[in-house]
Amino acid sequence: MRVQAPVQLRWGDLDAYNHVNNVELMRVLEEARVRVFWRSDDEGGAIDQGMALIEAEPGSETLTLVARHEVEYLAPIAYQREPLDIQLWIGRLGGASLDVSYEVYTHDGATPAARAASTIVLVDAATGAPRRIRAEERQAWERYLEPPVAFSGRR
Amino acid sequence: MRVQAPVQLRWGDLDAYNHVNNVELMRVLEEARVRVFWRSDDEGGAIDQGMALIEAEPGSETLTLVARHEVEYLAPIAYQREPLDIQLWIGRLGGASLDVSYEVYTHDGATPAARAASTIVLVDAATGAPRRIRAEERQAWERYLEPPVAFSGRR
Amino acid sequence: MRVQAPVQLRWGDLDAYNHVNNVELMRVLEEARVRVFWRSDDEGGAIDQGMALIEAEPGSETLTLVARHEVEYLAPIAYQREPLDIQLWIGRLGGASLDVSYEVYTHDGATPAARAASTIVLVDAATGAPRRIRAEERQAWERYLEPPVAFSGRR
Amino acid sequence: MRVQAPVQLRWGDLDAYNHVNNVELMRVLEEARVRVFWRSDDEGGAIDQGMALIEAEPGSETLTLVARHEVEYLAPIAYQREPLDIQLWIGRLGGASLDVSYEVYTHDGATPAARAASTIVLVDAATGAPRRIRAEERQAWERYLEPPVAFSGRR
């Protein structure tokens, strides 16, 4: 099952080519991921409470560290006032890590403008060592497990 | 009259002190300003159509250049999922420039977490020279004219 | 006495107008300020050891918080490979705060492309309250005291 | 043959975990790539003139677009005043695109803190279509051709 996270663009995401900069799009993916996976106490809440199990702010007992990213840019993205529609799902549930898959849609796009995947490692903040995904996390996250996004440009 | 522009924070706006970085807050103000002042053709539209008269994208006939900023940070801002509420108004309408005043509210804040003002110069893209505010612009913008934000920390 | 801090631009500092974005220039000033004021153990060292008295990283006993910025943009700045030359001095030494003045020079500029000032408050990390500038800090910093940068666009 | 590009960190590259943010590291790689591949007229010059054949600024006849990134983070990077040492080489020379490989070293690191690869497409600015790598470009770039960086985390 996919989760949809709307993330606002900022005009400052544009670079001198007048398109959303490829690095800034990764910032947008980070924001989608934080909103979906991290638990929140505030009103705005997590986009999907079933996925938002991690308390990962500084000071929490778990840190979520990025081990790898892979991203393919399929079409330039212009500034738009409507949020980008970031679709996320879990492409792999490992022992102490998981892979998040993403597709990025503009407000008028029928096909994705980008696809990406990130490997996230759960780290025990006290020891700095990876920690196992817990049974209740695994159970909650399995709903979001789908085949990982497929990349076309790997060599 | 004030205009309210909701702008999403990003977790990446935090710095190593775990608060919204003071520079990133200026990025948020830029976004609020662009959304309010620039005309848009897309669905999301300008927040307030009366203010959004300028076509200021690269390639348009007017550029909006920032001549100055002044900003006071009144309280640290934590990451929150709800958009910040940026309130904007026009503090001064000059010949070829105008001053925008801002107040920044968090979703649970009764008092502003920051206040700021920016001087924006309208520049003719073809000549690079400042160009006069047009009569129809002045007429539309006068509704938003209020006393400029007052700073407490000037020396 | 002024201190000179060379800070590299990044192509990503440009915005869709193909000039260094006004917000990103504040990021450059932040970097100059951190390099000049914060103590460092690494080889690169502080630019001027006399100024670099503060241990202000997260976990240190002092935080340096920005209370206000004021900045005037005098000329657009193009991307250049040579570092910008940021000149800093102390424009005011208060009880628990100080004002930093800046002028920004491009590698071929005879006149500043921007001028700015920031009010920095020293905060006790344990209590969160402002703490007094210490006698040894005041003594070291007095060498860098000059009249504050003068702004032309205040109203 | 590898090219070495020193790129300054900024304190603002840190995130709330007090390490260089994974997205900001991509910004650093972008900067290294621009400095190495793009021709420059200014004094600072390209790091290696043999590689810097492309005039890719807005307004030039070639745009360099990023089609994909892949990056693996091997060790957290703390703020340091000394520039990161980014080592770049060409991992593949295609018809209208090339792959850049990178390794990132901190000033005291014997092993890379990150590895990455980017696919860059040369686009004709007038038509928007990919354009062939020219014979003189291919000849100049072949010196920098080495086996592409190997990723350990692919699935």
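Should a chain be cited, it is by its letter among A, B, C and D, assigned in written order, with residues numbered from 1 in that chain.
FYI, a contact is a pair of C-beta atoms (placed from the backbone, for glycine too) under 8 Å apart; a residue touches a chain by one contact, two chains touch by 3 or more.
A quick map from chain label to UniProt name: A, B, C, D = Acyl-CoA thioester hydrolase.
Remember, predicted model here, so these are calculated numbers, not experimental data.
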{"item": "A-D compared against B-D, more contacting pairs", "value": "A-D"}
{"item": "Subunit B and subunit D: spacing of chain centres that average the CA atoms, whole Å", "value": "35"}
{"item": "Interchain centroid distance [CA atoms averaged], subunit A/subunit B, Å", "value": "29"}
{"item": "Separation of subunit A from subunit D, taking each centre as the mean of its C-alpha atoms, in whole Å", "value": "24"}
{"item": "Residues of subunit C whose C-beta touches two or more other chains", "value": "11-12, 16, 18, 23, 27, 30, 57-58, 79"}
{"item": "Chain-level touch network, classified as line, ring, star, complete or other", "value": "complete"}
{"item": "Subunit B residues within the subunit A interface of the complex", "value": "7-8, 10-12, 18, 27-28, 30-31, 34-35, 40, 42-46, 57-58, 79-83, 107-108"}
{"item": "Of all residues in subunit A, those that touch subunit C in their complex", "value": "11-12, 14-16, 18, 21, 23, 79"}
{"item": "Of subunit A, residues touching subunit D in the complex", "value": "16-18, 22-23, 26-27, 30, 57-58, 63, 65-73, 76, 92, 99, 119, 148, 151, 153-155"}
